[in-house]
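What follows is a short report on a single structure.
A, B, C and D label the chains in the order they appear, each numbered from 1.
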Amino acid sequence: MTDDLIRTYRDIRSRSRALIEPLSAEDCALQSMPDASPQKWHLAHTSWFWETFVLTPGLPGYRAFDPSFSYLFNSYYNSIGEQFPRPIRGLLSRPDLNTVLAYREHVDAGMLRWFDQGHHADTDLHALVLLGLNHEQQHQELQLTDLKHLLSLNPLRPVYGPALDRPAPGPAPMAWHGFEGGAVTVGHDGRGFAFDNEGPAHTQWLAPYEIAERLVTNGEYLAFIDAGGYQRPEFWLSEGFAALTEQGWQAPAYWQQRDGRWCRFGLDGEAPLREQEPVIHLSLYEADAYARFAGARLATEFEWEHAARQVPAQLPDLANTAWQWTSSSYAPYPGYQAAAGAVGEYNGKFMVNQYVLRGGSRLTPPGHSRITYRNFFPAATRWQLTGLRLARGPRRG
Amino acid sequence: MTDDLIRTYRDIRSRSRALIEPLSAEDCALQSMPDASPQKWHLAHTSWFWETFVLTPGLPGYRAFDPSFSYLFNSYYNSIGEQFPRPIRGLLSRPDLNTVLAYREHVDAGMLRWFDQGHHADTDLHALVLLGLNHEQQHQELQLTDLKHLLSLNPLRPVYGPALDRPAPGPAPMAWHGFEGGAVTVGHDGRGFAFDNEGPAHTQWLAPYEIAERLVTNGEYLAFIDAGGYQRPEFWLSEGFAALTEQGWQAPAYWQQRDGRWCRFGLDGEAPLREQEPVIHLSLYEADAYARFAGARLATEFEWEHAARQVPAQLPDLANTAWQWTSSSYAPYPGYQAAAGAVGEYNGKFMVNQYVLRGGSRLTPPGHSRITYRNFFPAATRWQLTGLRLARGPRRG
Amino acid sequence: MTDDLIRTYRDIRSRSRALIEPLSAEDCALQSMPDASPQKWHLAHTSWFWETFVLTPGLPGYRAFDPSFSYLFNSYYNSIGEQFPRPIRGLLSRPDLNTVLAYREHVDAGMLRWFDQGHHADTDLHALVLLGLNHEQQHQELQLTDLKHLLSLNPLRPVYGPALDRPAPGPAPMAWHGFEGGAVTVGHDGRGFAFDNEGPAHTQWLAPYEIAERLVTNGEYLAFIDAGGYQRPEFWLSEGFAALTEQGWQAPAYWQQRDGRWCRFGLDGEAPLREQEPVIHLSLYEADAYARFAGARLATEFEWEHAARQVPAQLPDLANTAWQWTSSSYAPYPGYQAAAGAVGEYNGKFMVNQYVLRGGSRLTPPGHSRITYRNFFPAATRWQLTGLRLARGPRRG
Amino acid sequence: MTDDLIRTYRDIRSRSRALIEPLSAEDCALQSMPDASPQKWHLAHTSWFWETFVLTPGLPGYRAFDPSFSYLFNSYYNSIGEQFPRPIRGLLSRPDLNTVLAYREHVDAGMLRWFDQGHHADTDLHALVLLGLNHEQQHQELQLTDLKHLLSLNPLRPVYGPALDRPAPGPAPMAWHGFEGGAVTVGHDGRGFAFDNEGPAHTQWLAPYEIAERLVTNGEYLAFIDAGGYQRPEFWLSEGFAALTEQGWQAPAYWQQRDGRWCRFGLDGEAPLREQEPVIHLSLYEADAYARFAGARLATEFEWEHAARQVPAQLPDLANTAWQWTSSSYAPYPGYQAAAGAVGEYNGKFMVNQYVLRGGSRLTPPGHSRITYRNFFPAATRWQLTGLRLARGPRRG
């Protein structure tokens, strides 16, 4: 198991580094909006995590690579100290990319010494390593979505590589799975790794409901656009229609019309839209409006999880396709307690004004997500690979 | 029952008008922020509601008082048509107050003819009248909270009248009521009037929990301030601490220090803070931070409702004191359906990024609230009479 | 002379009051934008001027009407003390209009006692009274332009009264007056009242130039619009075209198309545009763009003044028609010194990023302006009665 | 002369390239504020200038390096076409630095062919080359000031190299030079290169005045700070004090207190302030406030130019030290005409709301400035090397 852990550590660390292979130093330095971070920052921050939580407190004789990094690459951990302001992460030309890569190597060397000394035999430290690995995987997905956003702003329509972000089509006709509901168990039971926000396992009461076998497609969503969906307030949450108006949304993010045909921008550059593929890059508002247009609704996160537990094999695009907006606001489960210490800031303090997404996307690292996994973003978020699965019921009266 | 309805109509309409008795035309014309509306607008809009939904479609021969009012005093009903922009309601010096009062009389005369003709015997129209009455009561509370906000900005510290907005002290020691939870029924059962968002009645599963017998007091909240509560991010949701920093909050709204003593502004002007009274004018962020400081949490709206059903008599400040933030985001109940037609825009389209408040305040018209009543505001809201009742449990593991 | 001064005092004070005769208390309380002030504020501030600079320091036994007014109605005099923030002057419902009118009477009574005691025989105090009277006249023009702006935002298109703000047509064909230039004297020579910014009289060197006999008309300006003037950056200062784009300007302020015909809003409500009348409500950017379109330019303030001294009778719309943008930025004349004491803040501290307007408008009180008078506003200003007179020359080479 | 021109071309082009020698690709890609541009953009835009105005119209067979660059690197020439938005120049990771350097070589090869073909024998084209060279020199100064701004935001306090931006101390005591004034000639007479905004030469009338022999020093400016200069509105233009308050200015740009001592950030990193050196990085507001504090004023640009013509040798820091704010707004000279064609957009369209600076700075390329040279920036500008020379007179009366 120890060897496995070290191997996993090496694999995951290499993958973060490998993601920037096709990129220039400039590609890695820029920040396209406050919500996104430069590649260089992701590479440094994921190393900062190991240095801060594992090496500095736990590796005898470890010397920090550069003391200023403790401040520069702290994302949001107040317990650790002040943070360089997030909206201007893209104004740091120094340290340059090579220095950040050297920082990664320095941290990796430290971690290997730490593993050699067997510290990870300790249960809590073992759990901490798993947290660090899952943390780094989350940033891998962000590396690609943040990069996509940056490249999308460039009139040259740059190509990163193959279409890693293109979700595969599901079954063509829309079928539904029905469930009786009642008292059901949801949440992670504590066996194996999970983020603290996934637990504790607990009971929820569900009314009878149905859930769609597959995600909504580009073609179906186009019918909504063609029906004037973006001009008709009756389909929208009031706040959603205000966002649409203010932002000038007329289609999902990264869609553009070229000579009357819809194209979408992706990691492979710009290409014509394919109608059979699941629609992605929707805000919660758009997902909700489409559902109302379609005479359906979003699932709650508990309906989603219950369905997934019951019939995962019959929901072929459950994971690895697109994150699926639920109507559940991100809130603590009954009995939730944040982890002790600074890592307790990982999840709990964000539990307001965000909505839960379930599943996983084409860009989610393999093996990273789970049936109990809770991703979360504000309702207006569109630069993630966010799609939707419809739900229905219960019938009233 | 018909006579009752007419009498209630007269009473409620008179009360809206009576609220401005102590005020000048200028007091009634100004708008202090986009969230608040001028008194004059409230008086006109509540008349617009009757004219638009009852008289124009249902009273033969009715002539609108002024055709432009359909646009000027529409709050947010897209089905009815365009709306004059909310943030500049305070830029309308015309119609003046006297004209708006004449509008009210015109509408009242129309309504009395409508009642005379017996239209309200129809079940749906009867329900519509109840909706209109409850709508007007909601605006009565807003009249006073909006006025308070306006007057608070005036260095002359104006006095409206007696301290209608001052909540009475509850029992001194903090006691707790414990509940087993399990499958419980919540939501309105459809007997008697309720807003559509209160139903349908349905089952929720609750884990064991405790709820406080009384609201948190000014004195208790002061201890939080004195402990550096507004400077210590560990108590706060991340978004809450950002709001605090950006807005410069250092205490609840309307609190100010005068020569080292805390005062609060109210409808009776400025007066020293009384420690035994329930704290009000908290944002959800502040309520949540205080709860964490106190080793407790906010109740969910279902815990609140269940406790209220079980032991209302033992929760003396359940209603008529202060609205109580819950940790529940404002979302539709299973099987929720908005009412048909334009009044379907009343509630449903706001079900995102708002949080539920339960109970009722000193300014809530008597008889207006219910155990199933769901008030809702964004998390940063402070100009309403918003306080907090603590909850605890379940214990983990 | 003393009797004249007192009579003038009475006349000017009465006129400020008379301007609001047709208005309601609400009309007098609202503020439509940060640049404009409520009528009530103007009425109070012009009284504050007398109280602060004349009565409080100079009338034995004078009691301020309300001590808080010193702060509430101070416009921008730092030497006097803090000021209530200008952008929220419209959030003061108290003092109400009646109180402000009582304040005016209180101040007037004080001033009459002060005159009775003969204080104005003192040269400096006599000059101070003249300053106060001219100050009040400036606010009279602002009362009407600020009111016009407020009413223009109201969909009811309210009418104040007759078209006081409508400039009369000048001579039809466009004629030019030529001047040799050379060393000329400009500025006020100190005989009679002038604002400090008009002096000292001094020499300027002018190159040969021509100036138009009359102002540009609505009809001429329409030709610019019809030629795509608002879409063609080649006519515009870069900053002007940016302002146009950001603000969405497509015509002068208060112009609107109704069924394909141009109308303009005025104190008499909305009415069709008359092509022969001088165009008003132009920003400096629009005036400059039109001039470039017409193969001409704006005059400098010195050219304007020199021409006015030479041939005033041949420039029939020199004053009392519309303020005329010049290309001169507002700067001190050689040897300029601000007056001693607080009234030294009257003019000098605004001498940056504003442009000089010469002449006077239909709304300028009779006798208020002069050939040396320097009005000034930022380049984007449009709510004043601002028009343009073209200039040409010198020919290069 | 031809050989000279080609040699100058080579020299100037090499210098732009040489300036980035010490920098990484990331240093060259970032944009620290909308007013500043990335190094990469400067390098591309100065090449775009040659390609657009010389090669594309005038070199037979020339192929544009990349057709999209016409849009990407157009700064503000509407006659040429649309422009990529200035505030997001720093979001272009592509083309990368190497591509931009290849673009430079492509353009240089084209230019050498163009020179070989003798096109520059044509008078107009010769003038166009001189314009392009001076344009590139202007961008060289911007390269360094923009870079300084970027590096200054980095907590690592990066070092570019030696203190190129540090102005040398002038003579210690403050002496004054007096002038009679009268009708004087200013402006460029057309012999040799000048920007169009420097002409035509023309007469201005000057009142008697005195001008300071040297610039104000850090030590003198510190006395202003220590006297509470940044807290006392009486020294400031109203708009300046508002800017100070809003921006939180407490000292010139790049000054910071470290353990009670003032340091300044420069191209050589952070170092203690030297009191004898001329103060730089002042806004016009600060320069003006200091002058008022010192009982002096800013010179007009005509006073400056006249003094410089009369006694340049006695004003040792006239140029090559710091740009010197004047009180003159940037306006066209009598008879000014913008050049024909697209290069006519170079200067004229910016002649509003900017103020003229005279002289030249440590970072101005040698030989670039002239006595008639007119630099210009908005009054709040601080990231340029902007200092001040005092003036006095005329005495009033």
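Convention: contacts are C-beta pairs under 8 Å (C-beta built on N, C-alpha and C of every residue); 3 or more make two chains touch, one makes a residue touch a chain.
Bear in mind that the values here come from a model prediction, so they are computed numbers and not experimental data.
Asker: Note the shortest touch-path length, in steps, from chain A to chain C.
Answerer: 2
Asker: Which chain has its C-alpha centroid farthest away from the centroid of chain C?
Answerer: Most distant chain from chain C: A.
Asker: Report, in whole Å, the distance between the mean C-alpha point of chain A and the mean C-alpha point of chain D.
Answerer: About 46 Å separates the centre of chain A from that of chain D.
Asker: Quick one: report the Å distance separating chain B from chain D, using the average Cα coordinate of each chain.
Answerer: Computed value for the inter-centroid distance: 58 Å.
Asker: Please work out the Cα centroid separation of chain A and chain B, and write it as a whole number of Å.
Answerer: About 36 Å, centre to centre.
Asker: Considering only which chains touch which, label the overall pattern as line, ring, star, complete or other.
Answerer: Ring.
Asker: What are all the chain pairs that meet the touch criterion?
Answerer: Result for touching pairs of chains: A-B, A-D, B-C, C-D.
Asker: Over in the complex, which chain C residues touch chain D? Could you list them?
Answerer: 76, 78-79, 183, 200, 202-207, 209, 233-234, 236-240, 284-285, 288, 327-329, 331-332, 334-337, 349-353, 379, 393-397
Asker: Please give the residue numbers of chain A that touch chain D in the complex, ascending.
Answerer: On the chain A side, the touching residues are 24-30, 32, 40, 68, 71-72, 84, 88, 90-97, 150-151, 153-156, 158.
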